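When the chains are written out, they are named A, B, C and D in that same order, and each has its own residue count from 1.
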Amino acid sequence: MKTVGIVGANGYTGSELVRVLAFHPNVTLSFLYSRSNSGTKISDLYPDLGTVCEMVLTDTPEEVDILFLCLPHKESQNWLGQYSVKEETLVIDLGNDFRLEGNFGNRNFIYGLPEINKKNLLGVKSIANPGCFATAIQLALLPLAGKGLLKEVYTTGITGSTGAGQSLQATTHFTWRNDNISAYKTLAHQHVDEILLQLVELNNSEVNLHFVPWRGDFARGIFTSSTLKTELELSDIDQLYRNFYEDEPFVTVSSRAIDLKQVVNTNRCVIQIEKSGNVVVIHSAIDNLLKGASGQAVQNMNIAMGWEENLGLYLKPIAF
Amino acid sequence: MKTVGIVGANGYTGSELVRVLAFHPNVTLSFLYSRSNSGTKISDLYPDLGTVCEMVLTDTPEEVDILFLCLPHKESQNWLGQYSVKEETLVIDLGNDFRLEGNFGNRNFIYGLPEINKKNLLGVKSIANPGCFATAIQLALLPLAGKGLLKEVYTTGITGSTGAGQSLQATTHFTWRNDNISAYKTLAHQHVDEILLQLVELNNSEVNLHFVPWRGDFARGIFTSSTLKTELELSDIDQLYRNFYEDEPFVTVSSRAIDLKQVVNTNRCVIQIEKSGNVVVIHSAIDNLLKGASGQAVQNMNIAMGWEENLGLYLKPIAF
Amino acid sequence: MKTVGIVGANGYTGSELVRVLAFHPNVTLSFLYSRSNSGTKISDLYPDLGTVCEMVLTDTPEEVDILFLCLPHKESQNWLGQYSVKEETLVIDLGNDFRLEGNFGNRNFIYGLPEINKKNLLGVKSIANPGCFATAIQLALLPLAGKGLLKEVYTTGITGSTGAGQSLQATTHFTWRNDNISAYKTLAHQHVDEILLQLVELNNSEVNLHFVPWRGDFARGIFTSSTLKTELELSDIDQLYRNFYEDEPFVTVSSRAIDLKQVVNTNRCVIQIEKSGNVVVIHSAIDNLLKGASGQAVQNMNIAMGWEENLGLYLKPIAF
Amino acid sequence: MKTVGIVGANGYTGSELVRVLAFHPNVTLSFLYSRSNSGTKISDLYPDLGTVCEMVLTDTPEEVDILFLCLPHKESQNWLGQYSVKEETLVIDLGNDFRLEGNFGNRNFIYGLPEINKKNLLGVKSIANPGCFATAIQLALLPLAGKGLLKEVYTTGITGSTGAGQSLQATTHFTWRNDNISAYKTLAHQHVDEILLQLVELNNSEVNLHFVPWRGDFARGIFTSSTLKTELELSDIDQLYRNFYEDEPFVTVSSRAIDLKQVVNTNRCVIQIEKSGNVVVIHSAIDNLLKGASGQAVQNMNIAMGWEENLGLYLKPIAF
């Protein structure tokens, strides 16, 4: 059994990690760190954890084999600067501090999207876990990028309220958000740079991603549709995707209509491709807290540790 | 007081017309036609009408001054073929039978989008009321089309469940639709032809509209985002839109973020424009049953009859 | 035209009053008072008001014919203490400051539930508007109280998130409230005293009301079910209710199943009665912001001023 | 590994069993029976099962060790009459055919509420799985019944749309149900007899249960509040409940406010007790498809087979 610490366990992605890791056969939770809620039982913050985890949040981290950082932007760097973490500890950062620039001190964070970097992740000690929209959009575009077919991409994506975190905001107030749809950070979402960094390298030429994010009136999940031009036949694109994801346990290319709830409460991504004339649309759906955050972090841990990739990730879908 | 008949009053748009017209100062409801529900009180089908309208649905139409057709596709032609309607009766068709081809017998249906056709609507006797997505998308693009600036347009739109009508379907089952998002009719929505017919004429050159419709987990409303390239400055685009809609009582160009619930249960359309580099995004929102159907039908009636355009359309927003 | 001022116009009930009064034929809005948002346009806080009301919130009240107070508990007393209001001004308080004890200075607030107090409201200058749950529950029980038939009453009620006001709270966070149900203030809701004050007087003997309020995952509305024992036949109870509400324009006794959305965005209350053995259940539904607050306040204004009771209250239901 | 067959696998509770059993360490699925969908892959009906189960529905059952019946009322009897099931096969019926009368042919169905019948379930071959409301309400009342303290009980419960099954109905149409609340089967729900059969035996004297079920605007879950009179102190009641459920892995007595989402997508039941004067209210919450159906069926299987009670039931809560 490897020991695990979670920093920022009081937040959405931190507590979701607790939900997943509590039943993981190869790890045991050593500490849950939270500055603001130190001394509180995690199950008092999240009563759904009542019979799952009775640990008390602490502000005193211990030495562990695996450390997850679930902190606001910039805070991961601060935390690693403040506390000394053993070199041999696997650090997985769920924030965006090391996604664009992986070098930090004597650590070199590898971008943890298993569907492109799996081989590079085995045995590493520092992983930058991708963003939620970044995961959903990259998985929708990777196979085309792999063939250099991306140029101008028009993407709309919708996210659940958990994507905005647990802080109380006007746009997360139930009265406002229920039955409502709105756009935010139009053409200016922070994940675009992260996406392009990966796609451009694969695509081997410039990619323009015009991304319009929407806020949805649901709590969990991301659904995206990306539109672009290509002369490739639909059947060829379909085959390209099926080949690309052939060995990926969490990505399904569907020949039928997909919908968000097919993946909610799982670590899966489902993808559907449609075409008319020379225009192709790729839809993708993930659970933003799992494949878009904590589930993928566990997947990355499994890979880095040399364990079966979906260990602890056999999650019952909510389905309804 | 002018007399009004509603054909297909048992459906969503038909009953919504009853809700609006019941309080309209210039008209009185003469008959509500429904073949399938003949003999039933409209308030038994829609109990919210309990104190608003106690009429009984009939399968025997009468002569009226104004006739609204709220029927499934192709059924308007059949109905007008079966029953003889006086030449001087104003017929407003909410279906799509006459949107692309307005000539039918001795009638010539004018496309009833007041924001482009208001002058042509005064005094006419036949109006083809626009589709819901068609209204939201055209209002978002008209000012650019008016300057010939449209070429490649990428639009995503999301619609509430009322857009699918009252029939029971797998995709309108609550268990499936709650918290769910899905795409449908990707690049193949029937409103695209209707939209392009108007836009191309204004634009004076070819327009390609790549439209991805989504199903939303709410009952009322449409939200759309259209992305396209233009060298025009944001301030110039903004001014262009404000000038274009200056005299339109139901269209608001907003300089602040818009959201769907700003317009739900009203006949309004709100529009917001954002730009980054040479890419502009235009967001628009309407209530699909009002500005997207029955409200706009009343607006068209007001214009055709020479009445104040927003008579009977001072509707309290739901807001929350 | 009578002049109107709204104090606390920046809140939910205050802004809802603006939505209703903006289209009322006999009044004109003179000022919208808000200490915290003074200087802001009401339509910047509530963009749905974009074409309805362009007034700027002020912290300087003027003399008006009619004054609505939409303030947190205890604040109405403070406000009336701070500002001098003319004796002949009609003051309608939507808070709970004067519901249990109507005497304040030289004013004597009458409890404004028109279905029991209509005769006493004509011409008065001070009205205490009932609470939202208090309205829904009293309307469900009044006819039985009028016959002295109440003794032990077991009521469960569910309320939308607007009932909790616009402040950001853990229980109004979308992520928490979506798809969720919870109880609060079990057997201890502040409206019970207000309800009993009226019911006991009518009932002419002690009444015990055991009330369990629930939070619902919707924004608008209240649905209640009250269970009690009686030997009266269902048909007699039904007749009793129909007689009691015969002349009430906003209360409907339904012989068919009722549901919340029959009344959302209207000033109506619908009631249904069911019986098995010697146990009767009375269901009632209202819109908490309208019949439960701002709509009823306008109804009270109409009665006090001697106007038609439903003036300005012909509101289109949302229905869907 | 024991072999399992699921009859009615195409329905909500049947497919939910597939979701749970697919990851159960001691069983393997042998066949999924469905007359109407024979020949279809279960993952085509429920795409969330895409990577979980690729079995094809069949109309030809095989011999298995454990058989689950997930059929409409009366259909379990018919099915067992039509097909011969080995005597040594464990049959768990999720319908209500054998809850009130357990004798059928040479089988004697034991009522499978583990919290009262655990000792009687070990080794049995026929189990009648309780109803969803029946589970939530009994768990809320059992400890009081055990002391003979029940007399008049007033219960309101709210259920998600999955409780109504997958058939398309007016009351499961999204447009109708979204944001809506309604009562149904007032004082006449079919689970009352089932509940009283157990409670009266424990209580050793008559119990009257006045139950008002409501339809909620969410898909999964049941929340109930039961009100009754007792002279017992709150602390004594609380202790009584804690003692009663001390060894029950799936029932939690909470001293803090409970809410529905604490248990959604788990097999747990949470209970909270509140008191004022001589009136006590007991709240309970379960997931209707898990502790209210398929999860409890697996729990019963585990007990009957002599396995650990929560094997295969370590389910990640949805939480948000």
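Throughout what follows, contacts are C-beta pairs under 8 Å (C-beta built on N, C-alpha and C of every residue); 3 or more make two chains touch, one makes a residue touch a chain.
For reference, the UniProt names are A, B, C, D = N-acetyl-gamma-glutamyl-phosphate reductase.
Since this is a predicted model, take the numbers as computed values, not measurements.
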Chain of greatest Cα-centre distance to subunit C: A
Between the pairs A-C and A-B, the one where more C-beta pairs touch: A-B
Computed distance of Cα centres, subunit C from subunit B, in Å: 34
Distance from subunit B to subunit A - Cα centre to Cα centre, in angstrom: 39
Distance from the mean Cα position of subunit C to that of subunit A, given in whole angstrom: 46
Two or more partner chains touched - positions in subunit C: 12, 160-162, 175-176, 178-179, 217-220, 258-259, 261, 264, 320
Subunit A residues within the subunit C interface of the complex: 12, 161-162, 166, 168-170, 172-179, 217-219
Sites on subunit D touched by subunit A in the complex: 12, 15-16, 19-20, 23, 44, 46-52, 160-162, 178-179, 219-220, 249-250, 252, 254, 256, 258-259, 261-266, 268, 270, 289, 314-320
Complex contacts: residues of subunit B adjacent to subunit A: 154, 156, 158, 175-176, 179-184, 186-188, 210, 212, 214, 216-221, 223, 225, 227, 257-261, 264, 272, 274-277, 279, 281, 283, 285, 320
